[in-house]
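For clarity, chains are labelled A, B, C and D in written order, and residue numbers in each chain start from 1.
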Amino acid sequence: MGNTTLKKIGVLTSGGDAPGMNAAIRAVVRTAHYYKIECVGIRGGYTGLIEGNFTKMGPRSVSNIINLGGTILRSARSAEFRTPEGRKKAYEQCVAHNIDALVCIGGDGTFTGALKFSEEFGIKVLGVPGTIDNDIFGTDFTIGYDTALNTAIDAIDKIRDTATSHSRVFFVEVMGRDAGFIALNSGIATGALDILIPEQKDSLEQMFETFEKAQKRGKTSSIVIVAEGEQLASTYDLAKKTKEKFPDYDIRVSILGHIQRGGAPSCADRVLASRLGFGAVIGLMKGLTNVMAGIRSNDLVFTPIEDAITKHNEINQDLLQISEVLAM
Amino acid sequence: MGNTTLKKIGVLTSGGDAPGMNAAIRAVVRTAHYYKIECVGIRGGYTGLIEGNFTKMGPRSVSNIINLGGTILRSARSAEFRTPEGRKKAYEQCVAHNIDALVCIGGDGTFTGALKFSEEFGIKVLGVPGTIDNDIFGTDFTIGYDTALNTAIDAIDKIRDTATSHSRVFFVEVMGRDAGFIALNSGIATGALDILIPEQKDSLEQMFETFEKAQKRGKTSSIVIVAEGEQLASTYDLAKKTKEKFPDYDIRVSILGHIQRGGAPSCADRVLASRLGFGAVIGLMKGLTNVMAGIRSNDLVFTPIEDAITKHNEINQDLLQISEVLAM
Amino acid sequence: MGNTTLKKIGVLTSGGDAPGMNAAIRAVVRTAHYYKIECVGIRGGYTGLIEGNFTKMGPRSVSNIINLGGTILRSARSAEFRTPEGRKKAYEQCVAHNIDALVCIGGDGTFTGALKFSEEFGIKVLGVPGTIDNDIFGTDFTIGYDTALNTAIDAIDKIRDTATSHSRVFFVEVMGRDAGFIALNSGIATGALDILIPEQKDSLEQMFETFEKAQKRGKTSSIVIVAEGEQLASTYDLAKKTKEKFPDYDIRVSILGHIQRGGAPSCADRVLASRLGFGAVIGLMKGLTNVMAGIRSNDLVFTPIEDAITKHNEINQDLLQISEVLAM
Amino acid sequence: MGNTTLKKIGVLTSGGDAPGMNAAIRAVVRTAHYYKIECVGIRGGYTGLIEGNFTKMGPRSVSNIINLGGTILRSARSAEFRTPEGRKKAYEQCVAHNIDALVCIGGDGTFTGALKFSEEFGIKVLGVPGTIDNDIFGTDFTIGYDTALNTAIDAIDKIRDTATSHSRVFFVEVMGRDAGFIALNSGIATGALDILIPEQKDSLEQMFETFEKAQKRGKTSSIVIVAEGEQLASTYDLAKKTKEKFPDYDIRVSILGHIQRGGAPSCADRVLASRLGFGAVIGLMKGLTNVMAGIRSNDLVFTPIEDAITKHNEINQDLLQISEVLAM
């Protein structure tokens, strides 16, 4: 593969961290090295880009990180990068350090910034989708999503032990501010009685009806999974209203929270991150810019960042039906 | 070992469930079978005892449960058993079913009820300490405590991944309404900056000072472990007050909650539960009553239930010192 | 969805067990119930079919199994079912019990038997791919594969701890008699130095060269992943020959073995199994027979069993390249 | 606490690695720092001591290692240190680097070397028991043992899934060359049918009898745990002889191997390692030498290394009885 123009790239992680980001960094660094492209790590996301917080990276700088959660380059949300002045400074750092292109690992906030930056200053950018929410168009899965699912079901399985032992009803809130992917899949995987997600219009009446049916079938304990971004009510309010309706229920709430962001990445996430990190460098070598690397139907594809941040992966309708049929 | 008088025993789990309770039930049932004593399982704790919700148990009824969290006999807190009328009904059930003695697996609430019941009606009772809180006198460890610790540190390790990646401060609340054992040990095991437990008088000033020292040493992310029963303030209020003092900190709260009660028991908990369940039957065969089986310095010992519920295991002062010295 | 003809189905698991089989059984049973189709579980695979080892199953018979490894219906390889007499007896059992159709969960051995049985006796059969090896055509993933991958990398991560601490070379054998999917993916996910799979022609010279390059780069410990079905040599012989070539190496062998078949299924496997079990009943209701339910590009598809057992999923060439580029 | 004489200590890990060694290193380094004692890490065990492979360590050099398996200082077995010349070189390195005392983390091989070295050259040595085998006198538990137990039962639970599904008999070999602690405890914790350990005289007849009894009780699958150091026969031979005796059994062997040495340490191991690392420095400050730090009945104690390597913790007879009574 010829690479006449790309001399030096920067890699950064930005936004909420996700398990597998380190595997992606490793893949970017080692692929760059393999093709004799210099690589610098940018610490602390766009803030580090603005401040020139750079570190030269070689194959050994990413040894023994493929299995670590978090991101060795750290992450941050940068208010300054949202201003033209901030991006100008970032550009000057790129120039000063001879950086030709950036690999930006993160979610839609990360990509929005990258796109703007690239359009303004002509620095090539290539996005890698790293977010547990799986809410990025242009890839079947985002890095960290599979691990977050496994973390969630591991926690919900534990909660089910105690729910069953005490004949309790648990409302478990999982992450997903705009998307119900984690809720829907973890709910199916743990046999949740009901699953509430932002993509679907839910009503208390429907939920209460589901409870009543379950009661009639002799179910003595239940788990309801609620996506963080559920519109109907907060998880605590859902629990409160259910208690008002069914005063006999012994109801508890559990907010899984930040454990969903951490932990050793699953095999699928490590392989995905390795493929996308590799693909990002390949894409830049081919001269691509303003695109995101993704895997669709097991193939590496590149999607305009514009599409990645404006279009949406639809919730699979089959899954919604299955969640209803199987929860008894 | 001679057993001339004991013909039939009942076993129940009561109070908050704890991983390893199933292993204890299994040990009671199989030991009873081995010594040709009949055994009935009582479903739903003291409520089941009052209602005669009994099931005959043999060696095969407890196959493949040693590794399961929760309790196959279910648990509950029974208001009725706290009344003389409730206990009278329970006694009548014992008489009707020829039950000579009870093995009561649970915490201090469970033992308080058992003691009263035994004193009033002469039914022999033998307690087995099953609670994640480790707050029972007369045993080095309670069933479920070791598993809860491992669940807690697994979650805190995950939180640390994201704390480190984002330079955040996390307040993590672990279980322990009256006791700081989980907080202190999980805090040491995860390198927590500070650990707040009910056994120790804490102050905001001390905590803030600890933060300041850490900051000076260049620490950019920190975890503070708070026991549920901490007296100083609620975990959310601690976070709020810290934010007021240090407005620059990016502070998050995570309440680990009920995941700490579930999950496959650890090896130590399975062995402990097996020893205590075995020991409970042996104790009853020896004619003991109103005592609790425990393991102290690796030996099976029996402690009067009276002591088990009134005396307290002290927090190890060495551990408090170690937590300070090692957290930098 | 109309279902005028299907009255009663049987479900069985056969061949090597795989995590998620229980989730598939649950989905078959509950979907059948939802559509008012009777369902019997057949215990012990085709042997149970021949012997009429049947059990009526309803929604509650599959409660709390979605998270369990193994198969509650047990599995076996049946020599008798490979004979015309055996299949005749199986047919008579179906007739005697009014079974219209079978859902057969397993791998290619299972499907071969199902196809023959269906062709001979006209009993409808629908296959569900359950095998950790992922070597079935007609589905992107087989049930159990994702869990086996996670089990494998969890073990290899542990081995790497000790490999790194002692500067050792480990040859780790993973499952996959005919297919290198587990080896290739777990190898990439753990940063293996080399990966030997049956789909690729390997040579000792190449492997030794890889070792030499690694040594030059200063790598002091290495892991080589070997698929069970590797043609070059047995894992022990590979280790032996490597020792002869590099007498200074401290070389160990680890055969991961049967741990790869067990354990709580991953989220992906539970969801996959739920979709395929649901899909199997839907397929039978539509009148399909001699097909296998699969998921391709996130859609439910049906593939002739004939194709499922004769065609093969190809190893992704990108992955082979990535494994080389990233292993340094 | 006064410390007038101790200026600089070295810390090393030697022999087989064990989870929690990093937590012990961290505790040594931070406690030394707290008491203003300089600390150097010695890389690669006694080999590193001989070669002067030293690295200055401060509080930050041990950040984020408390949860990592393996040992960041690496380990090795050193033939040279067993010679007087080797130890002489090691002494010269200590003199050249002004090292007053050594903390030696490892098992009995490590301690034997330390004792000899100290006796010959007067360098103070303090041992910390780090080995998964738990075969060191003077402490209730060694660092790594609890984690190894949890790793073992996690693997055996998985094997049981497949054993049960296929009605198989599994011989599972766990670590323990001279001691049966891992075998006995993991066997009880997983409901093994039989447990073979070097401390007990076993016979094939007894084992076959156990199989026959189990068969009569209707048990269709079984697990036998064999300690690595079992004297009766190798695990493969035990399986072979059992097959000869019971040709109908479907028998498999699984050697758990090196996975037992790795992985994130359990909470108990991290706390134990923290206490012992802390205690080691305290001991040296008190002027102790040729002793090993241990925890007995929850108290820090120091035992002459001479005793630690010659005396033995006895297998608890209760556990042997319990393993028989509960395995049905």
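To be clear about the criterion, a residue touches a chain if its C-beta (ideal position, glycine included) is under 8 Å from a C-beta of that chain, and two chains touch if they have at least 3 such contacts.
The chain list, named the UniProt way, goes like this: A, B, C, D = ATP-dependent 6-phosphofructokinase.
The model shown is predicted, which means the values in this text are computed figures rather than measured ones.
*Asks:* Between chain C and chain D, which partner chains are common?
*Replies:* The common neighbours do not exist; no chain touches both.
*Asks:* From the centre of chain D, which other chain's Cα mean sits the farthest off?
*Replies:* Relative to chain D, the chain whose C-alpha centre sits farthest away is A.
*Asks:* State, to the nearest whole Å, the distance from the C-alpha centre of chain A to the C-alpha centre of chain B.
*Replies:* 36
*Asks:* Can you give the whole-Å distance between the Cα centres of chain A and chain D?
*Replies:* Chain centroid spacing, chain A to chain D, equals 39 Å.
*Asks:* Taking each chain's centre as its mean C-alpha position, how far apart are chain B and chain D in Å?
*Replies:* It comes to 28 Å between the two C-alpha centres.
*Asks:* Give the residues of chain C that touch two or more other chains, as numbers and ranges in rising order.
*Replies:* 157, 160, 164
*Asks:* According to the definition of touch, which chains form touching pairs?
*Replies:* By the stated definition, chains touch in these pairs: A-B, A-C, B-D, C-D.
*Asks:* Quick one: which bits of chain C touch chain D in the complex? Just the residue numbers, please.
*Replies:* Those in contact with chain D are residues 13, 16-17, 19, 21, 68-71, 74-76, 151, 155, 157-162, 164-167, 170, 252, 254-263.
*Asks:* Under the stated contact criterion, what part of chain C meets chain A in this complex?
*Replies:* Per the touch definition, chain C meets chain A at residues 23, 26-27, 30-31, 33-34, 59-60, 64, 66-67, 140, 146, 149-150, 152-153, 157, 160, 164, 185-186, 188-191, 217-218, 264, 266-268, 270-271, 274-275, 278, 296-298, 300, 316, 318-319, 322, 325-326, 328.
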